[in-house]
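Listed below are the structures to be examined.
Same chain, two partners: chain A is paired with chain B first, then with chain C.
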Partner chain A sequence: MEMRKILLLAAVKRQKGSIIGIFLLVWILSACIFSSLTLYISGNDYVKGEMERLGFGELTIWVNGEESSLTEQIQALPDVEKAYAQPLVFSGYEINGGYSDNEGQLLVYDGTVDYRFLNADGIRTAAPKITEGTVYISPAMQASFDVTVGDTIRFELSRKDGTYSLTVAGYFADGFMGSSMIDMKSFLINASDYENMLDILRNTKETDVLGKCGAMVHVFQREDSALTAVEFYREIQENTDISLHTEFSYRRESILSYMLLLQNILCGFLIAFSVVLTAVCLIVTSHSLSSLIEQDKKDMAALKTIGLPGKQIRDTYLTAYGGVMLAGLIAGLFCSGMTARMLAQGLVSSTGMLVVVRLPIVPVLLLLGLFLLLFAAFLMLRTRRILKTAPVQVFQENPGGKIVSSKLRKAFLEWDIAMREIQSRRRNYMALCLASFVLAVFLSVVGRMGSWLGPNGEGLMNAFSVADHDLGVQPFNRDVPMDEIERVINWYSPIRETYELAMESVTVNGQEYEANVLNDTEWFHLMEGELPDGEGILITETVANGLELGIGDTVLVAANGRAQEYAVSGIYQCANGMGSNIGMSMEGYSRIGDITGFIWCYHYVLEDGTVRDYAMNYLQEHYRGIDVHTNSWSGLNGIVAMMHGLIGVIYVVAAVFILVSVALSTGKLLAYEAGTMAVYKSMGLSTKKLRRSFAFRFLIVSVAGTVVGLLAAAFVADGAVGMIFKNFGIGQFHSGFSILGIILPLLGLPAMFFFFAWAFSAKLKQVSIINLIHENDV
Partner chain B sequence: MKKAILHGTGMIKRFEETEVLHGIDIDIYAGDFTVIMGSSGSGKSTLLYALSGMDRLSEGSIFYREREITKASEKELESLRAGEFGFVFQRTHLVSNLTLEENIRMAGLICASMSEQETRERTAGLIDRMGLSGAAKRLPSQVSGGEAQRAAVARALMGRPAVLFADEPTGALNKANTVEVLNLLTAAYGEGQTVLLVTHDREAALRGNRILYLEDGMVTGELLLTPYQGKDEVRENQLSHWLEGFRW
Partner chain C sequence: MKKMTMWFLALLLVCNVALLSGCSGRTKDPGEPPAEVINPGQSSEDVTPDGNLSRDTDSDSSSSEESNTGNADDSGEVLENAISVRIGRDGTKEWNVNMYNNDAAMTMLDYLSGSALLFPTYTYDEEEGFVAQSVRGNYTRDDEQEIADVKAGDLYLFSGGQLRFYFKDMEGADITATPVGYYTDVEGLTEAVEEAYESNLDDTWGVDVYFWITKTLE
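And now, the complex of A and B:
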């Protein structure tokens, strides 16, 4: 026992640099993986819990009136457990000069529904009493409208003096519409304001009314009901008048998908990053351990000659390294709660909800166990050499080596010495090469995603829109002067192209989807197959998977009580509604729907797309009876900010990982090569040149790893990201050449390896040649 | 009168609390084969490394051609090591992944005043002179100790140093290899090379023309001999008699 203690203390003392480095790597890895796991599970549990607490059932149907009778009808159905309506007012609004693309829903807060209130930092506050003239909003609106407490929101209820202004008094966690993925937002108001609004709506002529009364009808399915979600909804549609009043509806799963989308993307990337960090951590630890065993083998041999069994020596290493890895895991686990809370708080402006973070004990213990097993197996494997080493072999060992025929040139001496070192001690550098390879692949994937996303979220805009455009104008009546509006748009920028889009509700084989109808089908983002004519439709991959359809299949599409058969002519890309939509030609839709109404939105592609926001604001301020929008939605900024934040965090953690990895490697290499360095110094090679040559090795190795990594990323990145994105309805992901995806990792990774190696080699300055030579002599 | 190429005055070297050199004054003359002898721990290697600028003194000054090197910057010392001084260590300290030829050539590549062409030619010349033609393309681990040490001597001579410092260069060699290495040093001295050798080997010391004895960090004796011309009983007796005075 005493012997073991002596050996362990000596090992820890001698290897404290490595031990600290490995502790840091495991700590970062552990904090990253456990905080993502915690946030993922807490978020899912919390949002599900919130949905239930806030009274959302299996199905929520937004209706534009008659909620009492509809609720009664629904309640009477055999498969319905209960149904109740939450009255509201639908209204467009304007904040700080920005107009909403979609209507907001104003709900009375009287404490019946237990909403959770938050401050500007996303921290929970006590439930307030909402006073007259004030409104509580989703924190997600901070990003989309730059709105803060004290700002005024003008709700447009009527064309004639029908603006109703309320002052923002605070924030609340919006059960469904809080997410930046959803353009529609909820507002909590005082009962008096609600009554005032209803008065305005009642007293406004039908032609002037902009807002409308409505309700959310929450429907709960009986536990013993055998109907699927689709069948349950169909039963309600077929047996009640709900379809006459439905604005839109969502199943519980859809709402959860929307609410958890951003958080799941974030957690997904952090978990993927943790896998990369695990690989890098094991590679670096493996290298560090091998170098250490190589360095210590004479001591080990000496200990064996005095009768110490190899197993006991190995146990010393296992205890030191296993202990530090366990400590790193535990320390990371302790930090993960705090990190997850910080992430949850940071996500409030994107998700609109403050997830209450609770450490999921069982999954955490399982993951901890898994990591312990992995680390134990890894350490057992890497320390096998200790058992095999025979003392005599070590004492008689000839370093041997292979002759390497690389050039030594006066003008490139530092570079050539670096090349020689790498070539003759390849194994020492393989770990660094592998680490840079793994990091390059992942950073390239992340960078490609960042580039695709674009500085303003252009990637998401295009993925979620039916067809590319800069500006869309939908007139709601005959009085809208479209010719004049086009002249205004032309004044901002010449219109390059224009087409018309209608978004109408249809059912495909009985399941409800949104039909994107274009007068010019060339604008669809076709991925496979052919564009639809009057007899065909396009479907997204989500629809194809959901309905098990393929190109050439025949489907029954119905709307407004008319149904027709269509052939699936192709697969197209449109992530709107999580991909739950189909594409039709105007001719095709005319077979089941009325194409003469005010369903068409005129989409314009401008010569200069940068002016689109100015044009939109002008049109919103000067024309009534139109909806103007860009190829964006109000929450996009929040999502883009979150994604950019995530990419930034990944870059920073990767840089810290490289720093620690290089520190570990340089420490070992410098100790191993102290004598050689001293000899070079004794020959007059300056410390500056030696340091540069030393850093060049890291540069060369990391360039090799990075280039191979980038080549690999070129093949796998689109597929990997595309696979993740498919879950969110984005069927196609293409990344070409980009600064973030290629240039940044190509330059950044080797630059960091070079710079950190150069910085850590400063040790060479402080040690005298004599000390180095004597150290080597011992 | 001979001119000192290296001049040390009041040289004190301390390692933490222990003083190894106690205010030594010393001159090393150009063209001499100076040998520093002394018992183990007397400070002879410390004196050699201090004189060569490889180690800093705690107190005192050292002048190389009247230029004080104790105050020289690291850059100036690097330049001295590259162009003016050559070193041979007890262990060869050849770079393990360079062949003997490359180890020798490396010194020329580092030396600022030598062109690449000159380096190549001088390397070939030194390999020939050191009898290393057969081993030149091998790594240090693939050659005998004698061959490796001869390569180390060649490397030290590569930049035509003004002073060749040798710290017990034969300490790890067998008798035959010891003689070979000493012959090389003697030959270099014969061609005008200033040599400063630290040794506790009587045979090695006999190759010098000036022998200094170091005791407890002080130079306590000096013996001048005629230049080495081969085995010479008179010189051997002179040295033995002189060393007896130090209970050697």
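And now, the complex of A and C:
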């Protein structure tokens, strides 16, 4: 026992740097994986709990009009457990010069629904008494409208003197509309303001009215009901008057997935990063272990000769490395709660609520066990050599690596020495090459994702919109000078492409959806199948799952009192209306709808999309009778900033990884090569040249690893990222050439390997001919 | 060595910050477009903020005056059988239409495809002999002409975007419009339109005559 202790202490002392490095790596890995797991599970549980607490039905239908009888009709259905209505006012609004894309829903706060109130950081505060003239909003609106307490929100209820202004008094956690992924936002107001608004709506001429009263009808299905979700919805539609008043409807699962979309994307990012970290961790550990075993071979042989069993020697190493890894895992686990809380705090402006983070004990223990098993198996595998090493064999081995005979040219002395050493210790450098390969693949994938995301989140916007565009202008009457408007847009940036989009309400097999009609179907984000002609439609995966449809199925699409049969020609991607939409060609829609009305929005793709906001602001200020929008949605800036931030963090962590890997490798290599270096020095080579030569080795192997890694990424990145993104509602991912995805890893990785190796090779200053004498003595 | 490592880390962080700030950089406000962009009559050129000549999107060009002479037949090259038309919602006979190779006709063709488009028209003028409907699109008036007599089967685009299809010969019509095309076969055309109008009197949308239009031009 005493002998093992001495051995253990000696091993730890000798590999202090490596052990600290491995501890740091496992710590980061552990913090990363456990915090993402914690956030994922806590977020899901919390939002689900909030939705239930706030009374969101299994199905919630937003209706217009004051139709109290609807609830009674629904309640009377045999499969309905209960149904209740939450009255509201729909209204467009303007904050700090920015107009809402969608109508907000104004709700009276009277304490019957237990809303949670928050401060600007998302921390819960006491429930206030909402006074007349004030409004409480979701914190997610801070990012989209730069709104803060004290700002005024102008609700546009009617064209003539119908603007109702309220002052923001604070924030509340909106359990089912709070996310910045959901365009429609809830507002909590005082009962008398609500009544005033209703008065304006009731006393305004039909032609001037802009807002409308309505309700959220929350419907709960009986537990013993045998109906599927689609059948349940159909039963409600067919047996009540709800279809005459429906604005839109969502199932609980749809809202939940949209509330958590950004959080899940973030967790996906972190989990993918953890997988790479695990691989790098194992490479570095293997590297350090083999170096230690190599160094200790002679001691091991001596110990074996005096009778110490190989198993006991192996246990010493297992204890040292296993202990460090376990410590790293535990330390990371302790930090994960705090990290998850920080992430949840950062997500407040996106999810609209501060998720209460709780460590999920069972999943955490399972994952911890899995990692322990993985590390134990890996260490057992890598220390097998200790058992096999025979004392005689060790004493006969040449410790100096493979003998390589190659010419050293005076002009390329540093380079030639580097090449000779790489060939001599090929195995050691292979590990570095592998590390740079893994990092290159990962950084390339991350870079490609960054490029796809774009400076303003274009990738995300295009994935979630019907079709790519920078600016959209919809004229509402013939007096709108579209030619002049195009000249203005063209002044801001030349127009590259133009097409037209109409968004019309239709029913598909009796269920209400929004039809996205394009005059040029090539712009649809097709994922599977074919673009629709006059007799086909595209559906989203949400619709496909909801209506249990597939490509080739025939559906009945109806609108404006007309119905026609269409074939499902393909699946496309559009998260508008949370995926509850279909795609049609203009020819297809013409069979059931009038294409000559003012339903068309002119979409423009600009040469320079960054000026779109300036163009939009100008058009909004100078032209009447048009709706102008960019390809954006509320809160997008917050999401994009967070994604960019995350990419930045990933780059920094990758740099730290390189630093640690290089530190471990240089320690090991310099220990091996102390004698060789002393010989070079005695031959007259300066420390400066030796350091450069040493750094060159890292440059050479990292360039090789990076180039192969980038080639591999070019083949697999789009497919792999596409597969991950598909789980988060983004069906298409295409990345072309990008500085972030190709040039940065290609130049950055080898440069960092080179510079870190050069920095760590400062030890060479201490190497002298004495080392050579010492080496020979051993 | 520690100093050196710290220096590199700092450099790396600076690079990252620079990279990220580049990612979310906001373009400088280009200001507001000058008066000549809003009203091109004030200047001969539209100039973008960086001084480049912008794309010509002018539909109110004074150059229209230069081409206000001549007949429809003088419009240059003709795109043979560019579209195929069925008259009436239940119409089955395909009528071939040649289109003129001018900007207005090409803009209209851009809206069409190989799938049949159901096109409703809300104006039926038996006395003037045409069916009309306003159409979308940004049209130039470069090819506008003064035409004295029109023939059955002629298609004209009027300023304001009204598309007229004459189903009767109208002598002394004296119109100013851009010729966009003509039916190749006019035998029975008048009757087909009148029949389609009669059969559509109870249309729930109030449409006078429907047309199924298919682009046949490759």
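By our rule, the second predicted complex is superposed on the first by the 638 of 778 C-alpha atoms of A that agree within 3 Å, B and C clash if a C-alpha of one lies under 4 Å from a C-alpha of the other, contacts with A are read in each partner's own complex, and residues count from 1 in each chain.
By our rule, a contact is a pair of C-beta atoms (placed from the backbone, for glycine too) under 8 Å apart; a residue touches a chain by one contact, two chains touch by 3 or more.
Because the structure is predicted, anything quoted here is derived from the model rather than measured.
Of the two partner chains, chain B is the only one that A:424 touches; chain C does not reach it.
Using the contact criterion defined above for the overlaid structures, shared-chain residue A:687 touches chain B, although it does not reach chain C.
When the shared chain is aligned, no partner comes close enough to touch A:334: not chain B, not chain C.
In the superposition on chain A, A:410 makes contact with chain B only, while chain C stays out of contact range. Legend: residue contacts after superposition of the two complexes on their common chain; A:84 is shown touching neither chain B nor chain C. Within the superposed three-chain model, A:641 lies in touch with chain C and out of touch with chain B [touch as defined at top]. One of chain B and chain C touches more residues of chain A, and that partner is C. By the touch criterion stated above, A:476 is placed in contact with neither chain B nor chain C.
Against chain C, the residues of chain A that register as touching in their complex are 450, 455-456, 478, 482-484, 486-488, 490-495, 500, 519, 533-535, 560-561, 585-588, 590-591, 594-596, 600, 608, 610-611, 614, 618, 640-641, 644-645, 647-648, 651-652, 655, 659, 740, 744, 748, 752, 755-756, 759-760, 762-763. Partner chain A is touched in their complex by these residues of chain B: 49, 54-56, 74-75, 78-83, 87, 89-91, 93-99, 102, 105-107, 109-111, 115-116, 119, 137-139, 141-142, 155, 159. The part of chain C that touches chain A in the complex is made up of residues 1, 4-5, 8-9, 12-13, 15-17, 19-20, 22-27, 29-30, 32-34, 37-38, 40, 46-49, 52, 54-55, 57-60, 111, 113-120, 122, 133-136, 138, 160-161, 204-205, 207.
On chain A, the positions that touch chain B within their shared complex are 398-401, 403-404, 408-410, 413, 420-421, 424-425, 675-676, 678-687, 765, 768-770, 773, 776-777.
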